[in-house]
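After this come two complexes, each holding chain A, first together with chain B and then together with chain C.
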Partner chain A sequence: MKFRVERDQLADAVAWAARTLPTRSNQPLLSGLLIEAQDGGLVLSSFDHEVSGRVETEAVVDEVGRVLVPGRLLSDIARALPAQPVTVVVDGSRVTVNCGRSTFTLPTMSVDDYPTLPQMPTSAGVVAGPSFASAVAQVAVAASSDETISFLTGIRLEMTGPVITLAATDRYRLAVRELPWVPESQSIDAAALVPARVLADTAKTLAAQESVTIALAGSGQDEGLLGIHGGGRSTTTRLLGGEFPKYRTLLPAESNTVASVDTAALVEAVKRVSLVAERNTPVRLHFTGDEVSLTAGGGDDAQAVESLDATVDGEAIDIAFNPRFLLDGLSVLEAPVVRFAFTVSNKPAVLAGAAERGADPSPEFRYLLMPVRVG
Partner chain B sequence: MSRSQIRRGARPEGLGTDDDGCTVLHVDMDAFFASVELRHRPELRGLPMVVGGESGRGVVLAATYEARRFGIHSAMPMSRARRLCADLVIVAPDHHSYTEVSASVMALFASITPLVEPLSLDEAFLDVSGAVRRMGSPATIGELLRARVHDEQGITCSVGVASSKFVAKLASTRAKPDGLLVVPSDEVIAFLHPLPVDALWGVGERTEEQLHRLGLLTVGDIAHIPESTLQRALGKSLGAHLYALSWGRDPRTVSPHESEKSIGNEETFASDVDDPAVIRRELLRLTEQVARRLRAAGVVGRTVSLKVRFADFTTITRSRTLPEPTDVARDLYSTTVQLYEALGLQRARLRLVGVRVEGLLDADGAPEQLLLDAPEHGWRDAERAADAATRRFGRGAVIPARLVTPHEQADE
Partner chain C sequence: MTASWASLVGQTQSVATLQRAVADARLVPPGTAMTHAWLIIGPPGAGRSTAALLFAAALQCDGQGCGECSSCNEVFHDSHPDVVRFNPQQLQITVDEARGLIGRASLSPDRGHWTVMIVEDADRLNEVSGNMLLKAIEEPTAHTVWLLCAPSTEDVLPTIRSRCRVLQLRTPPWRDVARLLEADGIDPSMAAFASRAAQGHVGRARALAVDEDARLRRQEVLRIPMRLTSLPACFAAASDIVATANEDAASFTGPLDSNEHDELLRAYGEGATGQGITKTRIERLAKGAVRELEAHQKSRRTRAVRDRLDRVLIDLITFYRDVLVLQVGSDVDLVNEELRPSLDRVAAESAPESTRRRLDAISRTRRLLQSNASPQLLVEALTVELARG
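Showing the complex of A and B:
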């Protein structure tokens, strides 16, 4: 095998494919990156039995072939190479990477024993890369990081006609985003529970792509597989098992108090007052008249108070939140104004974005946040 | 019980008169469990007797002074005690009566001063400064206590009287058995300095070894080297702590509600166990006990730790901090089992397992992050209902089905 490739193209492709390599695995082969040189270009792949990545890139291939090389090492090398064309040659069990006046020789691994990557399932539809990336980022904050409850570490994708609904919850908050897409079939009605970290990471790397294909394995042997494809990069991931909570029933139908606050100002204020909120103590919000006052700490400990202008409709309310959960929601709102809807102080609050104070909330994103009970 | 090597009973001359300002009393029952047993087994008086389990794994819980003469002491394996004394009388423990006697003794203490800090079933610190005017000097109160404990409970106790907790405790050890020792304020240094270093609170085997390596054998040796040298050798806080103690400085006051920093239970198996099902069941039993104790104390905790001792006595602990503090056995159990499974023991033989909850907070004041999908009444309510049933119908009234065995009630 022998090929020549531009340094930037190699570095980008290797970095992307190496991103899902397992850091520790009892199967050393899986730490390898598969390079396939074909007529017209290269295909780089990685696979850890859960997630596969496959990226195509242009190259001048002098001799076709396949080789499995230590992935992280190649990624580190590719990143450090000078900006000159790179020549890669396999000679026996060694692979030589030549760039300018530097030469690296790496051992190879047995390519014959490398597992076969899953087939990309058939396309279910197409979304725009930028909005898909932002939608996934919006809900991913609410996914749990506790691997022992695996089904809460996922993002649920519901593909219903022309809309994809994304949802994630760790039981303390729930983020729901609706996103228009172009399904292969207008009558599609399917759902998948995708590991949040993989989806967020993949969507982010495809944020610049005009169109991203979402593929879902139907019934058959590849059941439980989701594929995402865009710009020559394909990722497949196994789906998570377990039953995702029936979240739609959690969204309150009505509210007693509606309040709008400038998002950026609230973020700053929460960050400031929560400096005195020791671990696991909440920040308390009191909405009344035309302001919201924030307090944290108290008792014998340090205390902080700050107030902000707000537009409040309905009854005054006192409610306490975990400051991190509140900030997570505010930080992904992507709107100048946050609109809170409350019922009572021990029931969830609904956060949504709005264009200005007092305006109607934008319907596509909701962040449901469960309060903290104090005293 | 202290593993201190101070010679007991030998009362240093010249001590024991001026109790002015010595308002801290340390009261310690003599061979508590054994003394309680002797009350209704007078025929055993004067014989070497111990309380403890007779089975292969039993340990000595208490030994009479006759048994101690053979070198037997509490926490010693029963098999070893038997080898030391062929005629040893072994009595099975009756925890119920010990608890009862203990409660009566503690009630007696409370009638003298509200400032009672129980350390265990059989010992407590008392601050009697408020009772001096009413009842006489601290030594008088100490003697009164000893007389009343003997009259009312038929057991003896020893009392240390001093101006600080740590000296009072040393004094009671020195006064044993059936004695009282006052360490006057101006004789504290003279009392302390000849003592071996392990008499100091905070000196265990390892620290003792370190001190010996530095050539420090007595408390006086510690007192006469620069504090900074001690801190360099032992670490900043331990060094400062021991230096202060060596000069009799102990700022701790008698606090009746010494809040516990952790609550835990552990179990030594009758014989080593490698069956994961048995271990899990034991973990369930322990987490139920610990959760019940948390709820009884009105506290919640966030850090759950699992302790495992292997057949070769290697001991490891693993802990995990929960997102929210809890007092619910179900939460503790699921975390404990995760910790256990993460060990990947593959049928290693275990001698002991323990469960402990740390990072305790008052349950009332603790902020509680609510759950989106929590049912109106969760496991916490179920377990509280079981607590109520237990209060009414006795221990074991409501237990997890897995802990019900056909032949015996799950014991505490």
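Showing the complex of A and C:
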């Protein structure tokens, strides 16, 4: 095998593929990066039996071939190379990397024992990279990190006609985002439960791509594979099994009180008052007239109080939230104003973004937050 | 290992049950002979792990568990992506380990057949880690099957037991084990000796038949009862036993340890050259993986020593069992026919009650060895008890 490649292209491709290399010790081969030189370019792959990554890049290939090299080391080397063309040659069981006046040699591993990467499934549709990345980031905050309830560690993707709905919940909050896309078939009606960590990471690396293809194999229910690719980079991941909660019925249809507050000001205020909130103690919010007052702590402990301007429509309400969960929701709202919709103080509140105070909420994203019951 | 149902010696019924399950697992929806949670029980050496692996291979195989295709081979070499084989290296299965298993069990199979979760030594699940697994075992996702292995149903938490279908393996008769060894080309008289000495433990019988050192070590062990003539002799015998167990375990784990370590460092690039590439740098890249490997190796060493001490104790049990057979004048076969003169002597010098007490002492030591007690102290206490009779 022999090829020439631009330093930046090699470094980018290696860094991207090395991102998902496992650090487990029981299968050393999986810490390798597979480099395939084909007519017209290079393909770099990594795989840990759950997630696979595959990136294509341009190169002048003099001799085709496949080789498995130590992934993290190659990634370190690629990053450190000077900005000059790189020549890579395989010689017996070693790989030589030449760049300017630097020469590196690396040992190789047995390419025949490396597992076969899963096939990219057929395309289900196409989304815009930037909005997909932001949509995934918005719901991923609500996914659980507790593996014992594994189906809550996933993001549910529902592909119904021209809309993809993403949802995640850890039972304390629920984030739902709707996103337009271009499905292969307008009659599509499919769903998949994707590990949240993998989806969030993948979507982030594809945020600069104009279009990202989402591919689904199998029924998506308890089996199958999700593939995501864009700009020559493909990821596949196995799906999670289990029944995702029927979340649509959880979103209340009506509200007694609606309040809007400036998002940034509220974030700052919640951070300040929760300084005195002990672990797991709530922040109380009292909405009345044209302001909201925040309280945390109290009794014999330290106490903090702060009030902000708000537009409140409906009955006054006193409600308490876990400050971290509230901040998570506010931080992904991506809107200058947060609009709360309440029924009563022991029922969940719905947060949505709005352009200004008193304006209608934007319908794409909703964050349902369970209140904390206080004395 | 040979990947065929024939390697499950003397387990005709269990094999038939598993084969029916494999056939039913192929139906859509799966038939009733298949179920999502199995508890495979049987004495050590009867083939619990082998049964679990054969079953897993047959479920993944495009044939009926041909034992030859790449999928079957992957299962037997622990590299099949959809077969998870969890072999607890500690005395209890921890909460973190249980959590990892649940996470793994919830993933859909890579190749679309089954996700098979094999938990060896399911008796090491404690109250907390066991309860954590309950839901995953009771209602796994449609393509997941759990195979739990344990010595007996009593050893497993009742809450786990009640959620599994039990597959009972029996102690294989020594003649069946001997036939298996003969089929592998082992001399019939050696096969007979090894199978009798191993008392239904297939792996142990094979080791005794092919490994001269293993036979010599066993001979040493069986000489111990004759050596226990004074208190200093008891302590000397105890320290010999523990030292042999340590050496024996090290001769097994030592080469494995260094091979694994070398292979891991190579995978992280040891031997690479170039500006700024040093051994320290490679070691830093591999640090996390090496730390994980070393923790795994340390537990494996501890376990290997315990396993070998247990084997010594089982050999001692066969000795006193033979003594008791002679004392009560039963005409059943002796396990250690070749030691008849020593056995006769001990039988004549002691009473059957004393032999019973000795047997009890050995069994108690075996049990205590599974706790965190110091092996050295346990074995010393045992040799003193054996000398007293």
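Note that in this section the second predicted complex is superposed on the first by the 368 of 375 C-alpha atoms of A that agree within 3 Å, B and C clash if a C-alpha of one lies under 4 Å from a C-alpha of the other, contacts with A are read in each partner's own complex, and residues count from 1 in each chain.
Here is the rule we go by: a contact is a pair of C-beta atoms (placed from the backbone, for glycine too) under 8 Å apart; a residue touches a chain by one contact, two chains touch by 3 or more.
Only a predicted model underlies this, so the values are computations on that prediction, with no experimental measurement involved.
Asker: Evaluate whether chain B and chain C can sit on chain A together after superposition, giving fit or clash.
Answerer: Superposition check on chain A flags a clash between chain B and chain C.
Asker: Which partner, chain B or chain C, touches the larger number of chain A residues?
Answerer: C
Asker: When the two structures are overlaid on chain A, which partner does A:Asn280 contact: first (chain B), second (chain C), both, or neither?
Answerer: Touch status of A:Asn280: first partner only.
Asker: Output check: A:Gln27 vs chain B and chain C. Expected answer is one of first, second, both, neither. What do you get?
Answerer: second
Asker: Quick check for you: in the superposed arrangement, does A:Thr148 touch first (chain B), second (chain C), both or neither?
Answerer: Once the two structures are laid over each other on A, A:Thr148 reaches both partners.
Asker: Which partner does A:Tyr114 reach: the first (chain B), the second (chain C), both, or neither?
Answerer: After superposing on A, A:Tyr114 lies clear of both chain B and chain C.
Asker: Answer with first, second, both or neither: which of chain B and chain C does A:Leu368 touch in the superposed model?
Answerer: First partner only, chain B.
Asker: Pick the chain C stretch that clashes with chain B in the superposition, from 22-30, 94-102 or 256-264.
Answerer: The superposed arrangement places chain C into chain B at 94-102.
Asker: Let me check the overlay on chain A: which residues of chain A are in contact with chain B and also with chain C?
Answerer: Residues common to the chain A contacts of chain C and of chain B are 148, listed in rising order.
Asker: Which residues, counting only chain A, touch chain B once they are in their complex?
Answerer: 146, 148, 169, 171-174, 245, 250, 280-282, 320, 322, 346, 348, 368, 370-375
Asker: How about chain B: which of its residues touch chain A in the complex?
Answerer: Interface residues on chain B, with respect to chain A: 302, 323-325, 338, 364-365, 367-373.
Asker: Where on chain C does chain A make contact in their complex?
Answerer: Per the touch definition, chain C meets chain A at residues 79, 81, 98-100, 102-103, 105-110, 112, 132, 140-144, 260, 263-264, 266-277, 281-282, 285, 288-290, 292-293, 296.
Asker: Quick check: in the complex, which residue numbers of chain A touch chain C?
Answerer: 23-29, 31-32, 49-50, 69-70, 72-74, 76-77, 80, 97, 102-107, 109, 115, 118, 147-148, 150-151, 153, 218, 222-225, 238-242
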